[in-house]
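Only one structure is covered here, and it is reproduced in the block below.
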Amino acid sequence: MSQPIGLLIRRELAVVIKSRSEFIYPLAFFVIVTSLFPLAVTPDPVQLAFIAPGVIWVAALLSILMSFNGFYQQDYDEGGLEQLLISGVSGTNIVLSKSIANWIVTGLPLILIAPVLGVLFNMNPTANLVTMLSLLIGIPSLCLIGSIGMCLTLGLRNGGVLLTLLVLPLFIPVLIFGASAVQAASTGLNFSGQLAILLALLIFSLLLAPFAGAAAIKVSIE
Amino acid sequence: MSNAQHNQFKVENLAVFRAEIPLFDEVSFSLNSGESIQISGANGSGKTSLLRCLCGTSSRHQGDISWNGEAITGTSSTFYSQLLYLGHSLGLKPKLTVLQNLNFFQRLRFNKNDQIIHETLNQLNIEGYHDELVANLSAGQKRRVSLCRLFSEPVKLWVLDEPMVALDAQGQKWLEDSCNAHLDSGGMIILTSHQKLKGINGLQQLSLVKPDFSALIASQDAAQ
Amino acid sequence: MWTWFFQLASPRWFYQTANRLLAWLRPLTLVLFLVGLYLGLLFSPADYQQGNTVRIMYVHVPAAYLSMFAYVVMAVSGAIGIIWRMKMAHMVSVSCAPVGAIFTLLALLTGGIWGKPTWGTYWEWDARMTSELILLFLYLGYMALHSAFDDKKTADRAAAILAIVGIVNIPIIHFSVEWWNTLHQGATLSKFEKPSIDADMLKALLTMILAFQLYFFVALLQRIKAEILEREKLSGWVQKLVSD
């Protein structure tokens, strides 16, 4: 069982290495969207530090949302998903491996660039560190939850907009606790509770999302 | 590959539906080791839908499909370790090379064996392309690459949807010979094709017939 | 023992039973509404703090309750539809969504109308109101997903999966919003339910909840009937029904 997951992840990563540009889009999106806020709201450092946790988390959420298409849609269109199922790979393994690959490919760059944005937003070093930590724990949950919505909309022509409608409400708990952890850290409060809940959400989505995603793939493949 | 093990693929009273309307009259057939069957029918008669149900990727059907006496979707079924399905979409990643694609599928179920891949590519006249990206190949070449899986993944049951399409005369000859060799070694083949395949030994025929709808509605009304 | 369960699966049987039930439910709902409105608007006292504004509670609370109840019915029947491959259950699930969405909208609107004189604003990011808003998004997502598929069977199953994922998530969303709310506002400013509610108010409220509950079933059965006719239009009994 673990062997195909490793194999699947390596295949996803091999595709990414071959088509770099496509997977830089979410990162570029993340940076550009966050840097619009000082222009739209205010360049005042105090206020920027105040809105930064929310801005960074919302932008990260949207960038992750953009990344699903690249992992699932092509594979579906080319018949790859079907071939995997016929070769005896379970739907849960597909969802799990794609989510892990998505986290590595889309999530890690966001996490690494986040402190740079934190500096632009006048965040203190602790808050910066907590931003990275909260994204590190929070993004895998987003990848897993989002995969359910993505798998449900695979066969649809304009699935992209619909995906947003389906998935964003389900992202809300992760957003609340992620942004709140950063906020707490930037005002010098204790943030371990929020991180613990983020971790709990991750375990929960890890246990359930692959099954829901697998069921969704089956429906879409038909 | 041992001849000793005997396998049976059985389909009983299978009806396939599109939008709740049956596509063809119920079909039943069974395949034993070394047997093959060609499914024919007009365009839109449900050949591809039937094959997808046989592979378990579609559940718009009624009736039983079993492998060695157990439903193919059963928990202890070994069906998916013995099935190879080549349909209209081939499942090849255009951004990966020929060898990467073939290796990936091979290693899902079998040990890595580059030698057999190279040999088969050679037979199919595309040996020089093993490091080429699939995106750069022609339709016929992609077809040949996916046919290579028939040998790189030694399974018992081949399900081939229009395998002759996009193949030249030499390629078709190769495929027919390969099918015969597979059957001789105890394999089974289900395929669809519009042409007569005289080259394949002992190929059974099954043609899909459009159901008689007026009779169907009458029987439904009687049931109500 | 299980015959009733399989009878439920027959659209024709369901349609006829729905008709028999509706004959009773419709007048009963009407009577309950009249009694409830009388109790709520005329009989029960005004609140000592909120005055007559409190009377909107008799609509708001039942609507909010039913918005959640409808989601549960939708998800449970969707799950039944997937597990037992019962198309009737999917029809129930699909029919639930618009009804539930309307109740959610009603809860939000009445909440806003109540909020203006009480909070001084139509919208307050109160935990309950925020949860209702997210619930509305979930309903909209469900309906959008179902209508996006051409094939009804695929639509049913996809939407059912979404409803199940939604119902698992609703408690988590609710908990997060509650938590977020206490973090940002301290204790919630004011709530509809007082720790001790006047007995006459309670009487009116319970009557209205019952009336709304019955109204929900009436509306649901009507929608299911329409759904059955739409989907079974090719079958003999529907054609006979229409031509008669």
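Order of writing sets the chain letters: A, B and C. Residues in each chain are counted from 1.
The rule we apply is simple: contacts are C-beta pairs under 8 Å (C-beta built on N, C-alpha and C of every residue); 3 or more make two chains touch, one makes a residue touch a chain.
The structure presented is a predicted model; accordingly, all values stated were derived computationally and were not measured.
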Which chain's C-alpha centroid is most distant from that of subunit A?
B
Grab the C-alpha centre of each chain and report whichever is closest to the global C-alpha centre.
A
Centroid from C-alpha atoms only, then distance subunit B to subunit C, rounded to Å. What do you get?
48
Cα centre of subunit A to Cα centre of subunit C, whole Å, reads 32
Centre distance in Å when subunit A and subunit B are each reduced to the mean of their C-alpha atoms:
37
Residue ranges of subunit C touching at least 2 other chains are none
At which residue positions does subunit B touch at least two other chains?
60
Per-residue multi-chain contacts in subunit A, two or more chains
222
Listed in rising order, subunit C residues that touch subunit A in their complex are 82, 134, 137-138, 140-141, 144-145, 148-149, 154, 157-158, 161-162, 164-166, 168-169, 172-173, 175-177, 179-180, 183
Tell me, which parts of subunit B touch subunit A in their complex?
55-60, 80-81, 83-85, 87-96, 100, 104-105, 107-109, 133
Which part of subunit A faces subunit B closely enough to touch in the complex?
4, 7, 11, 14-15, 18-19, 75, 77-80, 82-89, 218, 221-222
Using the touch definition from the top, list the residues of subunit A that touch subunit C in their complex.
148-149, 152-153, 155-156, 158-159, 162, 165-166, 168-170, 172-173, 176-177, 180, 201, 204, 208, 212, 215-216, 219-220, 222
